[in-house]
Amino acid sequence: MTSDFTRADGRDLDQMRSVRITRGFTSNPAGSVLIEYGNTRVMCTASVEEGVPRFKKGSGEGWLTAEYSMLPAATHDRMPRESMRGKVKGRTHEISRLVGRALRAAVDLSKLGENTINIDCDVLQADGGTRTASITGAYVALADAIAVLQDAGVVPGQPLLPPVVAVSVGLVDGHVCLDLPYEEDSRAEVDLNVVMTEAGKFVEIQGTGEHGDFGREQLTEMLDVAEKGCRELVAAQKAALGV
Amino acid sequence: MTSDFTRADGRDLDQMRSVRITRGFTSNPAGSVLIEYGNTRVMCTASVEEGVPRFKKGSGEGWLTAEYSMLPAATHDRMPRESMRGKVKGRTHEISRLVGRALRAAVDLSKLGENTINIDCDVLQADGGTRTASITGAYVALADAIAVLQDAGVVPGQPLLPPVVAVSVGLVDGHVCLDLPYEEDSRAEVDLNVVMTEAGKFVEIQGTGEHGDFGREQLTEMLDVAEKGCRELVAAQKAALGV
Amino acid sequence: MTSDFTRADGRDLDQMRSVRITRGFTSNPAGSVLIEYGNTRVMCTASVEEGVPRFKKGSGEGWLTAEYSMLPAATHDRMPRESMRGKVKGRTHEISRLVGRALRAAVDLSKLGENTINIDCDVLQADGGTRTASITGAYVALADAIAVLQDAGVVPGQPLLPPVVAVSVGLVDGHVCLDLPYEEDSRAEVDLNVVMTEAGKFVEIQGTGEHGDFGREQLTEMLDVAEKGCRELVAAQKAALGV
Amino acid sequence: MTSDFTRADGRDLDQMRSVRITRGFTSNPAGSVLIEYGNTRVMCTASVEEGVPRFKKGSGEGWLTAEYSMLPAATHDRMPRESMRGKVKGRTHEISRLVGRALRAAVDLSKLGENTINIDCDVLQADGGTRTASITGAYVALADAIAVLQDAGVVPGQPLLPPVVAVSVGLVDGHVCLDLPYEEDSRAEVDLNVVMTEAGKFVEIQGTGEHGDFGREQLTEMLDVAEKGCRELVAAQKAALGV
Amino acid sequence: MTSDFTRADGRDLDQMRSVRITRGFTSNPAGSVLIEYGNTRVMCTASVEEGVPRFKKGSGEGWLTAEYSMLPAATHDRMPRESMRGKVKGRTHEISRLVGRALRAAVDLSKLGENTINIDCDVLQADGGTRTASITGAYVALADAIAVLQDAGVVPGQPLLPPVVAVSVGLVDGHVCLDLPYEEDSRAEVDLNVVMTEAGKFVEIQGTGEHGDFGREQLTEMLDVAEKGCRELVAAQKAALGV
Amino acid sequence: MTSDFTRADGRDLDQMRSVRITRGFTSNPAGSVLIEYGNTRVMCTASVEEGVPRFKKGSGEGWLTAEYSMLPAATHDRMPRESMRGKVKGRTHEISRLVGRALRAAVDLSKLGENTINIDCDVLQADGGTRTASITGAYVALADAIAVLQDAGVVPGQPLLPPVVAVSVGLVDGHVCLDLPYEEDSRAEVDLNVVMTEAGKFVEIQGTGEHGDFGREQLTEMLDVAEKGCRELVAAQKAALGV
């Protein structure tokens, strides 16, 4: 833990990469957002469909589900397309489920009517943090999609809950670093993804000692840094939404 | 065939939609292009991989293959993701094969060494003509990828052949129209896709009487209009490539 | 383009292989035909099923769909069975879709009631032209199946439209040749498949420069030869049907 | 068990349907046979491939494997194609395995060299007894394929063992009937398939009480009748092979 | 066939391995049994579900279906998990179908109401005879599940029929041996599986000459020995059920 | 958070269910353990295979991978078998990956030689906590498998690292509860799974606000309780292993 540790891109340890949120990135889905955390670029869309899955039928409530995917050329070395392999990788499933849980924390399903919102997060360019960028971007797409439903008079109330954002923190060479790019992520001792509400509450935390374990103090330090990042991400979402 | 036929977007019958080609759209693949034919937007990438498929091993020649796909939210109504369905639709297969054949006409495989170029065409937004835009955009991505190989000294000669482009023409309410958007495409009597070289030769023509058949004169008229569009597309490619 | 070009089987350049059509080849489906273009032999059946796919429900119209497949031992070297591989090849999908489009041009769906006709084209022996033989043979099976429906009083009118046939033409060593066997097909510079009505109108044309491109004059010449072949195929269909 | 029981097609209880064996049914595979048990028609081919599966590599021995399949229109009501469903039905697997075991009893793998024989049995028309006809027909195709290997000097010895045949017997309305067509098979109390060598030894017996169980005496009676049928099938094979 | 043949585990030729049946092995399914034939251990469950498959809808009758599977570490060398391979092996299908047929002979579907019983046989440890142990154990699970239905007043009558059991017999070095463990099974000349009712009637017999064929006398001898084993298995079932 | 909150099974809030670990549960794999957390019962095996996956070839290091699965009748309502559905559920993938990461923290791959350890966790009976029980049980199976490798002289050093265990904690009606059974798990506001080493360090933490979010103090309280449970689980592992 020498004092001369510097990050490849020159950022401070607790500094986010530059975050850009572009609304209306495409025009067909009700909400369509391009989010960028540095070089990581994810297209997040929210599409509305009438009706709900079988297990929700007749409940009077809505549903939200999410799918995450990498374009084959998003990564440094091209990866085979999952549709051609005929099956979805475990990692893809895992992240799709995470995004779905996170976004369900941002919507009051009881106010959505029996409608389903499909979140799609397609990574155009990957440089670490694709799952966290997906969540932060999908919230903005969700907000836009719900506004469309409200404008159309489909939902009378306000199903949208306050912002939900996500960021990664890691222990790299013993230093707690915020928002890891691929180069840091791949050699981090510990990788922690935090999904947080505007109020600073956790929706999900997933910490993994990829190359080593970690103690309570390190967890505390990582959560502090994550919280700082999340506050900034909420601000970026609000600026993008103009609220 | 009344004289008062007008196109929804006000174009002349033989007028292309606005074509935009953005090189370097993403940074990981050797070639990465966003191509737009009006509202149709396709990300075309060319990734280079050492080695060739089994049937080319030891030939001293390279190979080029292509995959086409629609993002689920690219269309007006969201379509299920093929990776989740576990199988690729016939339409996807058909277009992937067309793109591959078209681009193989733009590369001299014997000068590529035993390397494989993977073309990926991912439709971000669909409004008709996604297969033709894919071909035109992929040529530019291919050119950039081959330049990378040349700069790296991997290929000594010039494997890139002159431009290959593609456009659709259709018979709509009895009128030959160039470059159909979705609205026209879905009600066209005849749909013709033409893949052409800079020299005005055909690489592929596919004409289908979706709601009616067509005669020799109509074919001739459609090919004339397609040729006009193709000349403009070659110009757009060259402008983008700065050649 | 020397004058001493001869075809391996001694045919004239614009001569069809011997065409044989055997109706009632099997007894379970409403229409069952064995069609032979020389050594290419395809079993074409038309099966009638009550009801239509979801997207046609309530339309009062019928539907027609087609599936093409090669038996594993149909080719010179045995090919793995697609059912065992668990997925259908792109080529199979592409041809199935072509056959379906071609045959839908031979039936007035609005006169079929809400019934579905399933066309199955199973190649028993392959020697080039399997997709074109499939279309020509399937028309005869379709005619027989519609006659069954009429005899049963299920369809009051005449859903059957005039003959639809298909043939391949190619550019082999610079010569336009009709109805290519495998040996010619595999080395042809250009391969053109033409689906035509009795009236000489195109239902579909698909021309591919597999090893080279082609110009307008060559296209014209190829279409002339294809038209000659198609006229003969219509005659063969009519002879088989006794009309 | 009234004495007035008659079979729908007028046969004696212990009488086979008419058996026809056509060699050289198609020309690409080394052996190709059309076998008919009455209205049941199966195309049986034997294709030779150099090399053996991994578990046989280096053994100096050959291998034989078999695949059985129904064409979709072979049955009275069309059945979905397994390649399109993306999976093979249990029944298909079961019969493929049975045919493989039966035919391996007809070949001395140690005299085959490291070659694989692929047996394909594709049912063109189904009227009961498709698995037994497959086995009987495949033996003839196997004999032809081995003759090809011998003529080519690939196998010095005689890998072909004496004939293997198969027939079904059933208990229908309490009567032991030989070679059940579909109508009898579907209502039989007991269904027994017997695979037998020329010497009258069993290679496989599979008896199932579909709608009832059966005792030792009934088994004995059924085996007697099966043995009669098998003798006749061996004679038919030998006649077809001219030995 | 020397007189000094001894079995690896010292059993008499016609002696079963030790059979243990543990009811209530798990608590969620209506019937749950662990059955052991020596070292072979199978968990057999019977789960009840309201409703029947489509082909039984409206019949007033119930249905019974079965699935057999090996845990990956059940065998000496771990086998890949079928769910991960994405397809079920032919052997698995074949045994699942056998178990289903056998158990349907133990239930009067007409007295079950429109309910479905799902039999699951999961092999925890494999040492030969897994399919036969599955059948014998599943009967006990079925009995328990039907008792639950009766206690709940769902079925007024008695759908359970008398015991069905299964055992393997084989010809090992020319000796007829009962209940083969893996070591004997893998080198047996003939393998015969017999499914029998309490009354000594056959539900199913499947005899295979894996490395040789067999004659009528050998079949008779094998059936005699199988019958002895089956009587003992029925006694074990009844002891377990306390009837 | 009334003081009268009681758990359905009468446990204290920070009390584990009864934990039982049975070594040598089956005999084929190198390590085989049945672990029970109350009514949750998981069979955990560790199988050793020579060689490593491609990405580890030539590294001199070993690999460990894990697969988790539910038997269909493990749950209250039977669930369809993943092998029959032809695809693995996201939840299964997610847990398999978690178990793999957790167990890789318990083995020094550099001391394993180029061998692969396959962990299989098959849930026989599910009552909440199946993923945490899988991890705790798999460690014991891993220890036994490594001992086998050491006894065989395959690994000279000690690849086994100190114990790794896992437990769930949840917020139920506002109370922090240890080791949730299904009934509590399904209605918990927050669900936290903790994987911990003997030294009290985290290998992985996954906290999800299923029906609500949670703050830093609640996280701290949950981690305290989890730590208590983990200490007891390590003691149970050591008792089982006799160390």
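Letters A, B, C, D, E and F mark the chains in the order given here, with residues in each chain numbered from 1 onward.
Just so it is clear, contacts are C-beta pairs under 8 Å (C-beta built on N, C-alpha and C of every residue); 3 or more make two chains touch, one makes a residue touch a chain.
Just so we're on the same page, UniProt names per chain: A, B, C, D, E, F = Ribonuclease PH.
Being a predicted model, the structure only gives us computed values, none of them experimental.
Colleague: Could you name all chains that are in contact with subunit C (Ribonuclease PH) and with subunit E (Ribonuclease PH) at the same time?
Modeller: Chains touching both subunit C (Ribonuclease PH) and subunit E (Ribonuclease PH): D.
Colleague: Could you find the chain whose CA centre sits the greatest distance from that of subunit C (Ribonuclease PH)?
Modeller: So the chain farthest away from subunit C (Ribonuclease PH) turns out to be F.
Colleague: Averaged over CA atoms, how far is the centre of subunit D (Ribonuclease PH) from the centre of subunit E (Ribonuclease PH)? Could you give it in whole Å?
Modeller: 27
Colleague: Quick one: subunit A (Ribonuclease PH) and subunit D (Ribonuclease PH), Cα centre-to-centre, how many Å?
Modeller: Centres of subunit A (Ribonuclease PH) and subunit D (Ribonuclease PH) (C-alpha means) sit 59 Å apart.
Colleague: CA centre of subunit D (Ribonuclease PH) versus CA centre of subunit F (Ribonuclease PH): separation in Å?
Modeller: Each chain's C-alpha centroid was found; their separation is 51 Å.
Colleague: Out of subunit B (Ribonuclease PH), which residues touch more than one other chain, so two or more?
Modeller: Only 86-88 qualify.
Colleague: Name the ring's chains in order, please, starting from subunit D (Ribonuclease PH) and stepping to subunit E (Ribonuclease PH) first.
Modeller: D, E, F, A, B, C
Colleague: Okay, in this complex, where on subunit A (Ribonuclease PH) does subunit B (Ribonuclease PH) touch?
Modeller: 26-29, 32, 39, 41, 43, 45, 47, 49, 67, 69, 71-76, 78, 81-84, 86-88, 92, 118, 120, 122, 124-126
Colleague: Which of the residues in subunit F (Ribonuclease PH) come into contact with subunit A (Ribonuclease PH) in the complex?
Modeller: Touching subunit A (Ribonuclease PH): residues 87-91, 93-94, 96-97, 101, 105, 197, 199-210, 213-216, 219, 223 of subunit F (Ribonuclease PH).
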